[in-house]
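Residue numbering begins at 1 within each chain, and the chains themselves are lettered A, B, C and D in the order written.
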Amino acid sequence: MITDEFLKSSIMARRAVASGSAGRQHRLTIADQGDYEYVYGPYSNARLEIDPGDVVVVETEDAFGGVITSEDDRPTEKLTFPFLNPQCGPIAVRGAEKGDCLAIAVHAVDNRGGFGTTCLLPEFGALVGTSVTAMLNQPLPEIVRRVRVDAEGTHWNDRLVFPYEPFIGTIGVAPQLEAISSLQPDYHGGNMDLPDVRPGAIIYIPVHTPGGMLFVGDCHATQGDGEITGVAIEQPANVTLQVDLIKGWSFAGPRLETEDFIMAVGSARPLDDAARIALRELIRWMAADYRFDELDAYMVLGQVGRMRLGNMVDPKYTMGASILKRYLG
Amino acid sequence: MITDEFLKSSIMARRAVASGSAGRQHRLTIADQGDYEYVYGPYSNARLEIDPGDVVVVETEDAFGGVITSEDDRPTEKLTFPFLNPQCGPIAVRGAEKGDCLAIAVHAVDNRGGFGTTCLLPEFGALVGTSVTAMLNQPLPEIVRRVRVDAEGTHWNDRLVFPYEPFIGTIGVAPQLEAISSLQPDYHGGNMDLPDVRPGAIIYIPVHTPGGMLFVGDCHATQGDGEITGVAIEQPANVTLQVDLIKGWSFAGPRLETEDFIMAVGSARPLDDAARIALRELIRWMAADYRFDELDAYMVLGQVGRMRLGNMVDPKYTMGASILKRYLG
Amino acid sequence: MITDEFLKSSIMARRAVASGSAGRQHRLTIADQGDYEYVYGPYSNARLEIDPGDVVVVETEDAFGGVITSEDDRPTEKLTFPFLNPQCGPIAVRGAEKGDCLAIAVHAVDNRGGFGTTCLLPEFGALVGTSVTAMLNQPLPEIVRRVRVDAEGTHWNDRLVFPYEPFIGTIGVAPQLEAISSLQPDYHGGNMDLPDVRPGAIIYIPVHTPGGMLFVGDCHATQGDGEITGVAIEQPANVTLQVDLIKGWSFAGPRLETEDFIMAVGSARPLDDAARIALRELIRWMAADYRFDELDAYMVLGQVGRMRLGNMVDPKYTMGASILKRYLG
Amino acid sequence: MITDEFLKSSIMARRAVASGSAGRQHRLTIADQGDYEYVYGPYSNARLEIDPGDVVVVETEDAFGGVITSEDDRPTEKLTFPFLNPQCGPIAVRGAEKGDCLAIAVHAVDNRGGFGTTCLLPEFGALVGTSVTAMLNQPLPEIVRRVRVDAEGTHWNDRLVFPYEPFIGTIGVAPQLEAISSLQPDYHGGNMDLPDVRPGAIIYIPVHTPGGMLFVGDCHATQGDGEITGVAIEQPANVTLQVDLIKGWSFAGPRLETEDFIMAVGSARPLDDAARIALRELIRWMAADYRFDELDAYMVLGQVGRMRLGNMVDPKYTMGASILKRYLG
């Protein structure tokens, strides 16, 4: 849960139209949604229109569209490319236009149904040949794991319980002209698979098209750094988002704020470039808003910067570069 | 020019609906085109509908949309992202549907206007920091070169004349759901900047959406391997294409045939993965259509395979893997 | 400091020749050292020979060889390639031979002199063109920062004090035939610049040559993930190491154990491959010593694996893949 | 064969101590060699000392050390890491010292024995998981091909004969301090596997240590771009080299001259960086010796630069960037 104290001291509170105060509450159910979206683009109709500050509870389906229901399922028989990673929305925010930024406070990500699903998919993952890192080796076998998820955590097996640390795998806005697969992260957010996008964080994403057009989906109950098998503990979830609007604040890609740190997010291949994008963007943020000289910011990050690997399996890999607020002066 | 002899012995002749015979001739002028397209997607209206085998002369604008007209222009003042690399089309091909493949014979790429333009753009190019390989160094200066292009070649300066070796920088089809920037190459073709896409070649691109929806633009008068400054000798051109349709032939990305060789094209970052995609696809082609065992094809390419660098500056880099027909048995 | 409890429960205690018990104490002073070493190779004479379990206090010089003594110094005038990153040792361990593994418990890294030095070097760092990621942009200016280091921390300026979190930047053994620059990390350890190599950790490195031949140097007072400027808070230090020997335990690269987790380390370019090496090695470790099925280990790391970026500036980049011991069953 | 006309107009003729004139002839037989070398380092004894301009015929063994003699051999049983890719030499050149450059004209690479050998090795090659691009997939099977090599070419099978296009896979000098595996290419030359290092070319390699210390081995009868299986048609050969010395000419890595073009060679991972090294070095060469402005050279290479893929399988990948002499003015 996001704390009131943080919310009131956040950038969202200081700069957004609704000052970080919660407005009306909406619900976007799966029935409201109708067809899911599989690309982040400006060609979709808004399913909901809200005012800055409004709170929306979105019912999301898991990344498999809910079709994998048993450990005996074969994912390659159940899944149909490119209809993977179904997204809810888009949600239009009144007054949002290019040059602005959506501020999205994540209040909650609540598992629906008491279970989560993960699997090994052929030609997908960090340690196997893929359609991009194309190899001639035989693929690994398909394996499905369907596990209990409850207050105690994610029950991997009799011995191992992993913490329930839910977050949003895929969230972002519509690009201006492009329609980007929901499997891909980039400057618009998208499939970042970054565990920091969790309850307690505020995400800032630049707007490219009228209304901003917010999409969300793909919640995870638990995930390691890199999501190395390509699949986390995927879960259907109810996601509670407070969506505010900052006029006239724009930058190169997603940013994130928590009680303790600020983070810039980069997505690219190879990982080196994802890191570079994130780092340069964080340096520029420190220079613009925290009175650092750019080269001093660079040297400070050299000593206390932190790097978080989001995913290294999606069409672009994601890293977050962060600095503790205590070093921002 | 494509030779008759090659055309008659080509895959297009053997497998396409019109057997590689030229049908009706069409013209898609800039006036017909109206607004240019800046994404390759299924959301655009066809500007022209043709039958398999028809020939189309497309008037294309240069990659700058024709706005750079003097060496005193500053590109950063004239160009407006994302409205770069304007594309003509899409052209719908009757009967084309997912699972098929367009066969596009390039008959001619004719310079219009007698000049070509190239430049150095800040943060664009293989040897400078970019928005992806993000650096803190200062960018290089902007430089525009506008040069005469005629039968003799591309007149770089008093001393240097480069050969006029025109080709199509950007050509491809609409993806099923995605709308991909015209700056980017991928499985759908797009901004490959591969000099082999020249008069005399036939390009095969899998269809993802009804009509195939062919886009084309961005012709180059001359370009080195890698297009390392990010900008070739850009020229407005008349492009003559014979567009045929092969039913029920589909694969992972663009393929190319000339009198002498067959080539598979891969686009990815880093370059290693572009090469891998191209190589694996060529191996699969050799195994499917030329009776090679897959591992034998791999070993044969180890000894006589050829790699061509298309671009290493676009959002994805492009390589072509080819083998001479004489080694195909 | 390493706790007794951890030391007694460690792999070192269970498998090493001296069972993790401390033997004789040695000191390798700068005077004893004489000439520093600048490559990790089998061609250097041992400066000290010890028994398994012996404790050595090594006086190390900073990565600049101590020649940068003022913020007015210009590093490019003071430093002479390839005589950078001076190393102490090698230390021969009696009985060590190829197929064995050195177990090195880091007891302490103590700053000598009360200061630390960092700088911006031209063409070195993660966000600038380098000799490898070769660019045409002008380099950044040289900047030297010489800062007070004391119990309170690293005093960056009047406002900012960073924690004193010392560790060993460069440590490793001699390869069998190669002599590897002390600037480079690889299978032998070397310049990993991984903050986890800190007091409280035990490092396991496979032996390639008689005596193992342990080198050490390049201690850091403070460093962020990635050491992105290429230079941490470099300090001369006294390093206290307990060096034990595990017979007949060998693997692909450095491993690390702390009270809480085990980690495998990979060094490569691009970062993707550093991550892959580390992850595969951790999976193999879990399969060999912790009774995981290899694919189950892969899937478990997908959910609770952790990735730590060491450096992304050296000739190879370094990542550590780790798992908390509590998930090892 | 290198033509007299080229030799007389070459950089070697204009700048080297012996002006490109052939001196005394030497022979370095396998018997003279004694033990092969497996690293390029300054720690080896010269097997031969020559004057600038002298010609040496070196008997080289194939990359397997000659131990694979039948298609029934299993390479993993016959080969012992790190004793792979045996090198002959080093040959000391009188008067060579750091800051100079060896100029090596390749007169001939003659097959010895009438056969060549290639194979698939587990975890080695461009399209399989390796020790660096570490994967969990099962390796491909081991396959050995031993083929006839004669005047007609390389006889792959009854249908396919590949051209005999012999070149030197591994050639270079000793680094100053490092000893680099003969499997790896870098600034010193080494295992570049670049087909342009063939009879008719002159190679220029900067000297790092007294005598230069020239190593050579690993000749190939035929090889495709990228040497994608990791193994070309490996052959024992007699290599005829004319070795001259250019005083006071030094640069970042190997360069190459033929009758038609000049080339700079870069080795790195990923391929992008190999290309960048090669390109920047070629630009610097054009600026230093051919009166180009650096940015003009960059733009000229953008239009007529050529890239050749050497290998993408060795510990570093190799690319050559070249420009035709006719564009050098």
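The rule is short, and it goes like this: contacts are C-beta pairs under 8 Å (C-beta built on N, C-alpha and C of every residue); 3 or more make two chains touch, one makes a residue touch a chain.
This one's a predicted model, so the numbers in the text were calculated from it and none came from an experiment.
Undergrad: Between subunit A and subunit D, which partner chains are common?
TA: Of all the chains present, those in contact with both subunit A and subunit D are B, C.
Undergrad: Give the label of the chain whose average Cα location is farthest from that of subunit A.
TA: Here the answer is chain D, farthest from subunit A.
Undergrad: CA centre of subunit C versus CA centre of subunit D: separation in Å?
TA: That pair's centroid distance is 34 Å.
Undergrad: Please list all residues of subunit B that touch 2 or more other chains.
TA: Residue numbers touching two or more other chains: 127, 133-136, 140, 269-270, 276, 279-280, 283, 295, 298.
Undergrad: Give the list of subunit A residues in touch with subunit D in this complex.
TA: Listed in rising order, the residues of subunit A that touch subunit D are 127-129, 133-140, 270.
Undergrad: Can you name the residues of subunit C that touch subunit A in the complex?
TA: 118, 120, 125-127, 140-141, 143, 145, 154, 156, 159-160, 162, 222-233, 269-272, 275-276, 279-280, 283, 295, 298-307, 309, 312, 317, 327, 329
Undergrad: Which residues of subunit B touch subunit A in their complex?
TA: Contact set of subunit B toward subunit A: 38-39, 41, 43, 82, 131-136, 176-181, 252, 266, 268-270, 273, 276-277, 279-281, 283, 294-295, 298.
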